[in-house]
Amino acid sequence: MQRVGVFVCWCGSNIAGTVDVQAVSEALKNEPGVVFSTNYQYMCSQAGQNMIIDAVKEHNLTGIVVCSCSPRMHEATFRKTAAAAGLNPYMVEIANIREQCSWVHKDMMTGTEKAIILGKAAVAKVNLNTPLTPGESPVTKRALVIGGGIAGIQTALDIADAGFEVDIVEKKPTIGGKMAQLDKTFPTLDCAACILTPKMVDVAQNEKIRIFSYSEVTDVKGFVGNFDVTIKKNARFVKEDICTGCGACVEKCPMKKVPNEFNLGMDNRSAIYIPFAQAVPKVATIDPNACNMLKNGKCGLCAKVCAAGAIDYTQKDEYIEEKYGAIVVATGFNPISMEKFDEFAYNQSKDVITSLEFERLTNAAGPTAGKLLRPSDHEHPHTIVFVQCVGSRCDSCAEKGKEYCSKICCMYTAKHAMLTRDKYPDTEVYVFYIDVRTPGKNFDEFYRRAVEEYGVKYVKGMVGKVTPEGKKLKVQASDLIANKQLHIDADLVVLAAAIEPDQTARPLATMLTASMDTNDFFTEAHPKLRPVESPTAGVFLSGACQGPKDIPETVSQAGAAASKVIGLLAKDKLTGNPCVASSNELMCNGCSSCERVCPYGAITYVDKEFRMPDRTTKVRRVASVNPAVCQGCGCCTVACPSGAMDLRGFANNQIMAEVDAICK
Amino acid sequence: MKVSYFPGCTLKNKAKDLDTYAYKSAEALGVTLEEIENWQCCGGVFTTAKNEVATKLSSVRALKEAAEKEQPLVTVCSACHNVIKQTNHAMQNEKEFADKVNRYMANETPYAGEAEVVHYLEMLRDMVGFDAVKEKVVNALTGKKIAAYYGCLLLRPSKVMQMDDAENPTIMEDLIAALGATPVVYAKRNECCGGYIAMESPELAKKNSNEVVENAKAAGAEMIITACPLCRYNLMKNGTDIPVVYFTELLAEALGVKEDTNA
Amino acid sequence: MHKTYLQEEIIRMSGVNPSKCMRCGKCSASCPAYDEMEYHPHQFVNMVESGDIEPLLKSESLYKCLSCFACIERCPRGVEPAKLVEAVRLTAIRKQGANHMTANDVPALLDDEMPQQAIVSAFRKYSK
Amino acid sequence: MQVNEFKPLIVAFCCNWCSYAGADLAGNNRLNYPADVKIIRVPCSCRVNPMFILRAFQRGADGVILCGCHPGDCHYTSGNYYTRRRMAALFSMLDFLGIEKERTRVEWVSAAEGAKFAATMNDFVEKVTALGPNKRLEDLRCKR
Amino acid sequence: MQTITRDQLLDKAVSLLADGTVTAVLGWSKGEFDYDVTPAVFKTEAELKENFVWNDFCGANFSKYLVAKMDRLEGKMLVFLKPCDTYSFNQLLTEHRFDREKVYAVGIPCEGMVDIAKVKAICGEGISSVDCGGDKLLVTTLYEEQPVEVATAEVLAERCVNCKSKKHVAYDELLGEEGEVIDSNRFDEVEKLEAMTPDERFAFWQNELSRCIRCNACRDACPACTCEKCVFDNPNSGVENKAPANSFEEKMFHIIRAYHVAGRCTDCGECSRVCPQNIPLHLLNRKFIKDMNEFYGEYQAGAEVGSRAPLVDYTTEDLEPGEVFDRRDTNA
């Protein structure tokens, strides 16, 4: 049996004005377990707190009930008081007789009556309280960044700058991501490579950063501060540490007809390749699907020309296990497939391209060396039609496309249109738009310049059909302002395809038990206040994996994610919330209901041996809660039919006791 | 393999070719078309209004008969296919409409869209298989550049029709290839020829049809095939110097059964 | 906003929710009969949404829609403008004596080659 | 006269992060609602076990209301989505057994919705008062 | 009535025992009367030949026995599964309640089982033997000279009249023909109750549940009730009550029991079959199934292993608890 002390606060007249505090402390004296009950003007004052400390000592109290303001106000205060008195801080319960009683009721009698009932409920609960100690877990002071685009690069650099080790896992042979494929960046028009490649070099040279390129994460175990991650290094058939990136192999490779993914298939590369000149690591990779040596053992030219002897046709995939304290997801985005939108004839004509392809067409390192030429016949296009919102903002009942706005298209289309008019003033440039969305610093000014200074023709309307005929693309479109249907003979049509999260994100989310929305974007822990954290502790979000983002936004989120990681890694130990779920293994039957509802993946299963009454043993699968991961919502406790799963601090019998006290 | 067959009014009349070649070809492919007894005209167009009942009853009758025979209902004419398929979809998904129809027809066992509506082209693709068609070809049409004209009704609304990608269909091109010819892909193959507007505004039908034919020709077509008598009429009437034939005729020719038909 | 009876009737009959429209104009961009129409597909949607139905009922545009469903197919919002056109057209021709085409009109419009499908379809579209 | 007037007993389960804070805000703004409402604080609406609700009825509650964060705003991301399903199923079952459906309710109240909290409680108390004492689910043995 | 014969099952069991595939057989064993068939574990051919039965009274769903009966078994257990049993089998696998590797499941067709209560309603008490064969039962009672003929279809258990599936969703081997999932009318009774006024519904359930003697047979037979310790037996749960003290506790027990199995109940109907007071307990389960089908889309527990039950799942667009009634009220 507890020895409970009850302390009723007047809160000046805030409580005492509507509640007869004397009557309350008197009434609660008779409750089971109560050995001391008093009232005082301001319980939260130093004098009030001392009163509690003295009473604990004098009456050997094991539990405290404070009838006062909301626990959201002073629960923490009174827990500290209890600790100062030598009690476990979780032996305190608050009866909220201010916000939920004296302030909302006018009549002294009703107020007093209710305050007594609330006090009784708190006493009933504290009688069942048990001392709780928050768990502690050590922190591995290293971070993993998954994805080596601008988001991952910036996050890694910022974490490394704070002195922590970081590994980047990138599935492509080089880091750089989408930004490396871009030509210029809006709204300042600086060249993407000029601002990105120095950062890539910084990454390569930073002693704290390791790059696992051409690699992927295949397994994640553990929890915040203590992740065990398996990384698969795909065989690139080139010894990374020996290859100098001289490119002799690339030049000599006889298999030169492999579509070049870096240029989105608009030109070819060889079977052994370095994606682009500034690749990091600058190491060759052999494409096993194209290499004759690997396919049928006939060739071996690259090994012959490699002065460093870096080629290794027998290389195997390698699995590496590493420990991390924090994981940052930076898996980025891709344009959606234009398969389902063939009213724009993307599959029928080479001259209908996506905006990302347009980037490559205008990039000096691209397939046309920066000259804007039609992919079909390499002629200069004179009329270009840009179509916005292709596959964005679609209603779900339209059964194709994405429901969200892809956010970046308005600005890059304005950029494309402006740059085209700037470099080739003889071209006519139309942009078909539904809305032009430019809510960024200097964004609208940029768009207006495209219209006013560069003479880009913005048409409010949409393209309905593109008909390739002869050398022309016949564009049928609507101009809603002029209330006309337009027919334009275009040379090039550029589609602003919606963007979607990278396909690797979904299986990764499963491994991380990080939640995703229906579009496969990672969900943030709180949409406003915790935008760079996943609800799963220790997992952070950087860049477009969380939602469509432009470069400035991505970089600032990357920095924010890094600072959250640094905050975590700076700790030696993590102190948990003691009010977590725990499973009574004797009662658990291992049915998995709790695991399915846990938003944090805090529940796992272990095979446990039980001694049976007849002295035999039986192995049973039982749930086990990781207190470092559990956040204490209690969802699992209701999913559990047997009540084997319970929540500390808000246990079934405690809440039931409160119900009984109120209803009695 | 036996299937129920709904020919439609035009196929018994102005478009006999479409019908007879369909029969012969099916036979050659081992499919027996069993004509629905006492079928009635489908009405030519599906009225999308939810409170329109009477004009859809003839389709429901045909559907019900096929369902009772537990056979798929095969159609050839694009318009009939569109009307019957959309009606079936409405019977499956619009309860109020279906209830009205069943009450009106005094159906003892209510019809709820159990029948499967299959276009002849789908039958070739999904039930016979284009590979099997290819094997049966005796007069391969090698070297012929043929453009498929889908028009609107075969493909749209794709949510209901479910035949093929509405913007980039391949079913007819695959058939052309199976018959040994070279399919010609052109963008206007799924744009409207003008349809029944030919009655009232022949100019509009002419303009639309012309654009289709010109686009096909520009892509190198020497012949156009279609599944719709009205499409064929519009394309032919509005001045084309390349032949427009029903796909069944082409099929019969390749399968070597065209001549028996004429005989 | 309060809806008129006529507007509600059109919405109910067509099963279309015009407020899903985001004014992109892809329907009108796809329409093969655009130039024949006084009110274009996107205007149909907008006018039904705002309850401005009387002018539509009187418009020749009703009889120009080819029911080719291109607007339905391509609308990114799933609005289905052609169904609205159909609903307004039916509302117009269901009134007594309001048939747009009668049997007497037909012979003059025929030619030898015309398939009966054209006549049947036009009749379905134009008269009650 | 007042003695005979039926005063219902209402148990309100409020999640710590939104609804309990909303109730506090109602207090801060001195928005009145009947003292018949007694609040039990739970970490999340998904902590509320149907057994708690039945227990309350068993021990003489006349109405039970459950308040949580608005869907999509759950502090624990998805707790209230489960609550929504659980309570939809449970309330439907209670109704199936002939228990008046007005005696149970789920309401989403954010930390900013003090006014909504008070209005909800006023309305709920009014509805339950109109129904009169809970006869169908109470346990007379335990009644005072 | 059954298309498969005892001999066929016996042969199968004997041969599987003989070739060592299994070391034990979970089957139906002779009881005192023809109709009180009980589940039993057979280990030898002799035991099987002596006591194994297969007739129209073999309703017992064996899935649940796999949880308890295999602990100390060396080798595999042969279990005969009727189509409805296979759903429970899968559901228990979903919940990791037994080791699939240790079971050899033989799917057997079922033409429906007889409800002895219905037979008694026709023939009266004192039934000494029932001869199952063809589509008729020959019932001998102590009080009648001649056996009474009863059409099997007349006395089929309610769950069999509204059989939801003749298809086996799990087995290692199938005897006889595979059937189909049936579009049954199993929710008709629930709908009838839903159409009543709350007062009528309350009266109905008060009448039904007041007969409850809290024997816990429903719970003990239920393949979804496999808790190590039931909340109602646990002194720490706060709701422990071994015997009902009042009418409320009945309701609480049955509501909570139905709630605890909601989404996991395969609608096998064992609860009603074993209820000695003939309380239609399956209606509570079906109400949950029907609601969840309507609210969240069709879901059949046990149709596949590892599926996610509606109550441990959600979408952001789910209906609100209040809308449940709005929906119903507008439908009415």
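Each chain carries a letter (A, B, C, D and E) given by its place in the written order, and its residues are counted from 1.
Quick note on the criterion: a residue touches a chain if its C-beta (ideal position, glycine included) is under 8 Å from a C-beta of that chain, and two chains touch if they have at least 3 such contacts.
Quantities reported herein were computed from a predicted structural model and do not represent experimental measurements.
Once subunit E is excluded from the assembly, the chains that remain, linked only through touching, form one piece. Fewest steps needed to get from subunit C to subunit E, stepping only to touching chains, is 2. Of all chains displayed, A has the C-alpha centre closest to the centre of the whole protein C-alpha set. Using the mean of the Cα atoms as each chain's centre, the chain most removed from subunit B is D.
Averaging C-alpha coordinates per chain and comparing to subunit C, the farthest chain turns out to be E. The interface with the greater number of C-beta contacts, when A-E is set against A-D, is A-D. The distance from the centre of subunit A to the centre of subunit B, with each centre set as the mean of the Cα atoms, comes to 50 Å.
Centres computed as Cα averages put subunit D at a distance of 36 Å from subunit E.
Rounded to whole angstrom, the centroid-to-centroid distance between subunit B and subunit D, based on C-alpha atoms, equals 61 Å.
In whole angstrom, the spacing between the mean C-alpha positions of subunit B and subunit C is 24.
For subunit E, residues touching at least two other chains, in rising order: 231, 237-239, 311-313, 316. Across the assembly, subunit C contributes residues 70 that each touch 2 or more other chains.
For subunit A, residues touching at least two other chains, in rising order: 343, 399, 465, 597, 639, 652, 656. Each chain pair that touches appears in this list: A-B, A-C, A-D, A-E, B-C, D-E.
On the side of subunit A, the complex with subunit E involves touching residues 518, 586-593, 596-597, 605, 616, 618, 620-621, 639, 641-644, 652-653, 656-657. Taken in their complex, subunit A has these residues touching subunit C: 343, 389, 393-399, 401, 434, 460-465, 476-480, 483, 485.
Partner subunit D is touched in their complex by these residues of subunit E: 190, 193-194, 198-206, 231, 237-239, 245-246, 248-249, 251-252, 255-256, 258-259, 262, 284, 287-288, 291-292, 295-296, 310-316, 318-325. Against subunit D, the residues of subunit A that register as touching in their complex are 70-73, 96, 98-101, 103-107, 110-111, 113-114, 117-118, 121, 515, 523, 525-526, 535, 579, 597, 599, 631-635, 637-639, 647, 650, 652, 655-656, 658-660, 662-664. Taken in their complex, subunit B has these residues touching subunit C: 8-10, 13-15, 41, 43-45, 47-52, 55, 77, 79, 151-153, 155-158, 166-167, 191-192, 194-201, 204, 208, 228-230, 233, 236-237.
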